[in-house]
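Each remark here refers to the structure printed beneath this line.
Every chain is named by a letter (A, B, C, D, E and F) in the order it is written, and numbering of its residues begins at 1.
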Amino acid sequence: MSERPISRFPVPELKGLPEDVRAKILAVQEKAGFVPNVFLTLAHRPDEFRAFFAYHDALMEKDEGLTKAEREMIVVATSGANGCLYCVVAHGAILRIRSKNPRVADQVATNYRKAEITPRQRAMLDFAMKVALDSATVDDADFAALREHGFTDDAIWDIGAIAAFFAMSNRLANVSSMRPNDEFFLMGRVPKS
Amino acid sequence: MSERPISRFPVPELKGLPEDVRAKILAVQEKAGFVPNVFLTLAHRPDEFRAFFAYHDALMEKDEGLTKAEREMIVVATSGANGCLYCVVAHGAILRIRSKNPRVADQVATNYRKAEITPRQRAMLDFAMKVALDSATVDDADFAALREHGFTDDAIWDIGAIAAFFAMSNRLANVSSMRPNDEFFLMGRVPKS
Amino acid sequence: MSERPISRFPVPELKGLPEDVRAKILAVQEKAGFVPNVFLTLAHRPDEFRAFFAYHDALMEKDEGLTKAEREMIVVATSGANGCLYCVVAHGAILRIRSKNPRVADQVATNYRKAEITPRQRAMLDFAMKVALDSATVDDADFAALREHGFTDDAIWDIGAIAAFFAMSNRLANVSSMRPNDEFFLMGRVPKS
Amino acid sequence: MSERPISRFPVPELKGLPEDVRAKILAVQEKAGFVPNVFLTLAHRPDEFRAFFAYHDALMEKDEGLTKAEREMIVVATSGANGCLYCVVAHGAILRIRSKNPRVADQVATNYRKAEITPRQRAMLDFAMKVALDSATVDDADFAALREHGFTDDAIWDIGAIAAFFAMSNRLANVSSMRPNDEFFLMGRVPKS
Amino acid sequence: MSERPISRFPVPELKGLPEDVRAKILAVQEKAGFVPNVFLTLAHRPDEFRAFFAYHDALMEKDEGLTKAEREMIVVATSGANGCLYCVVAHGAILRIRSKNPRVADQVATNYRKAEITPRQRAMLDFAMKVALDSATVDDADFAALREHGFTDDAIWDIGAIAAFFAMSNRLANVSSMRPNDEFFLMGRVPKS
Amino acid sequence: MSERPISRFPVPELKGLPEDVRAKILAVQEKAGFVPNVFLTLAHRPDEFRAFFAYHDALMEKDEGLTKAEREMIVVATSGANGCLYCVVAHGAILRIRSKNPRVADQVATNYRKAEITPRQRAMLDFAMKVALDSATVDDADFAALREHGFTDDAIWDIGAIAAFFAMSNRLANVSSMRPNDEFFLMGRVPKS
């Protein structure tokens, strides 16, 4: 049944896209071996496409304060809470690869309190979930709890901003009924020999 | 980190268990190749162990009205909603095997509205989720909606009873912090050649 | 209006039931003077009937760690939260009898924080309600709070397992619209002279 | 344990009260045979006492549009939802007496959808519960549903105003931890011979 | 579009009202320059009108323990949480005037945790919001927290009673779709020169 | 008390900012007469700043399908639901100006069901609120309801994307405790003569 549409909205053909959008998509395809559907479903709005991925990369493609795997944990935990199939499956794959742990994505998506993570990562996810689910009540005590685990202002900003960015991303995927590519489901699950 | 305990409560050794409990566990091990942790974590209470599995088998090991795969869908969807890691992972594996679909368990656990299921299965899960999350409001209109999809009284009882049984099972697993065996995470994901 | 049906599902006649099921029902009738409707509404599924009552008796018919009255408090408090009329009324009656207090069932069903119970029982019900309503968030701090009140691992298991069992039972009763027998409403309210 | 205080706040002695407040309390005592604790716990604020009971009587002591028993149903159903022990127990007693049904108060307090009430009363309670729990979303469709059952504007106002008044009353009782008199628990349960 | 009706229910003409009700309305008009719609929408029920305003004035027209501005803060914060447009707008105006702060009403209505208030006022609003939204769980720890900020029993009663009274008032306004007068929106926003 | 910090995080000085970021800020200041704090609080992360405003402008600075005022309605309604003070106050000001209605922002922020808006705008906000608060349940029926009001696919995308973008923005503001500039509170309230 993977023949189901990848979006509720029209998906443009590659050849009609602006050059930079098309180039970005081809580069991803080159690297991953396939085009993740988020690139195709957002491409009908080139300006939003550009801003979305610029924002995404600014938050996710760095390793300071939080590791790349930890950033993906935030995505998977909050996306699970938001019932976002695309993000749980696609970022679950990335989390498995970056953490080199084939179980942690399923754990974090279902109930991060039972996941194979450190107490510091648990505190990180406690905060991320509060930002995702009840940001109006975030207060100084939450910041104090994070600082006890050694998180700097910059790392706290990253946790909050990643949870915030995927609050947006989850809603875009849920509204468009964005379908995760079949490839993501198995990625990072089988140890390479 | 799979060295974490499989339960918050003491786990008895096989040799000290009543004969029938031990026999049941060994039979499962024979069949599955490993002992699912739910058998070990419940064994310290032999009477409860016997009732639990008798009840489970009465509801899950039949194919009338609902297929075995559909029964597992109910388990996975409601366990996802209850944040029960053990049941999502263990029954997700069984669902993949029984449905011969490597994606449907992750879909149903995250957001069954986006899953590769039929409208009839969607109606089944709508009802199961209401039983799981807000059973006080179940009313005649819910039964009418199921009957429109051809569900009989017996099938409706099964949907309700499976959702109810795993309401119990999810709580036992969450209280005991029951750890899913590593084996479950990959089962049914890789097509056999 | 007690002429309303006792279940949304077919209720079998006693004479057609398997011998052991019928014997169990007759024994209850002998003891109580009437047949509680839960026995009749579950009887159409003999295997589930057997497992249900075996499980129930394993959890409720003992006095170690928790008194029998305390076990009923857990049932009444969580059933009130789940809006389960059958369990509130039937187990409310049993609680009044076992506690020899004609008020405590109504108190516990409505708001256990205002009930005539000990601080230890309050802690027991705090935990039971968390298991009933939000088991995904149960964690070590909950266990520590119970241990401060002297609860052993065995007693904690009982609290959790009773709350879990009635999570199932409440859902079965809500789905089937199980009607409590008229007799239960008054039982244990009038002091015997 | 009925020796527990009847309020978290100071309860004045009768003799120090303003004449009209004292007279009202004595009149109730004369009629009921005891002084319901709500009169004592509110008496420390005579102006609020007067307004409270004037408002209460204006809404509850009439029989047009809604019967007095129906008015009490609204109180008991919404007080159950608000976890207000005093109102469930005290008004449950009045509801039993006014409806001449010893079961309906427990039914309505626990889950009004399962109560021995008419479809018109069910519609009345659906509306009252929405007013109690989510009044911001009340809209024209709710009024249309009530009119289909023959409720006039005046009757709809009464339903809404009673639910609103007891939203206040429930909160006063919960804040003050107002204890229901022991007498209420049994009133209206035993048929008079 | 201010031509929309001020209530879903009939609004009586001034001349047909009982003398005391009409006098109260004319006095308000004299003082405010217009008749706040709450007076007109409640006037079709003179007894309820009298009780409502007697109660209101008993709670709001005093300055002991809590200032008048603090009383209005409680109204605005809880009315915001209840989605009550009339109370947020009308009492927001009064709060701006009494606090001489043109911003605080919008802050408190939207998220009192971000408002320009003192820690003592924050504690007051924490309690008021619990009374408004979850009064069944109010307990001794809440009282202790208020006493640490110096609140007396009388002041705590006032906080609780004001939150309770507006739980009623908000529901009356939401049910009747009471429209705030245009005048309120701007009152207290522009410093007088 | 406007001396409170504008963010929990460090706010950079203008002179140290990258040229394009500084130019954008100065252009806003030129146009508005002051620098809205969102520009200052995001500036410590230039790449995120650029992506944020590029995304914002792509969604908000156009008039097709939805008017600019309607776009602001979506922001104000969902920000109210998320308890985001900055967005309610700042975008409330813009909504007042763009709609030329000094009341509609307060209405939409408090309870959009009571606002002076058209049925089409009501349907738009119903959808936006579902995206904001429960996007996992968005389904085909929601799209059908919007199409009945004449919304095209492009307009529906805009509603969803604006609600999604401000899901992010609200969380950033709540985490950073972003303070709205004093100027916003009064903007658009007083008709220009």
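Note that a residue touches a chain if its C-beta (ideal position, glycine included) is under 8 Å from a C-beta of that chain, and two chains touch if they have at least 3 such contacts.
All of these numbers come straight from a predicted model, not from anything done at the bench.
Any chain touching chain A that also touches chain B appears here: C, F.
When chain centres are set by their Cα atoms, the one at the greatest distance from chain B is E. Relative to chain C, the most remote chain by averaged C-alpha coordinates is F. Here the spacing of chain B and chain D, counted between their Cα centres, is 44 Å. Separation between the centroids of chain B and chain C, computed from CA atoms only, is 24 Å. Rounded to whole angstrom, the centroid-to-centroid distance between chain C and chain F, based on C-alpha atoms, equals 51 Å. Chain F has residues 83-84, 111, 136-137, 174 in contact with two or more other chains. You'll find the chains touch as A-B, A-C, A-E, A-F, B-C, B-D, B-F, C-D, C-E, D-E, D-F, E-F. The part of chain C that touches chain D in the complex is made up of residues 1-2, 4, 80, 83-85, 88-89, 92, 102-103, 106-107, 109-111, 113-114, 116, 174, 177, 179, 182, 185-186, 189-190. Residue ranges of chain C in contact with chain E, taken from their complex: 111, 113. Chain B contributes residues 8-10, 45, 47-48, 50-52, 54-55, 58-59, 82-84, 131-132, 135-138, 143, 153, 157, 160-161, 163-165, 167-172, 174-176 to its touches with chain C in the complex.
Those residues of chain A that touch chain E in the complex are listed here as 136-137, 139.
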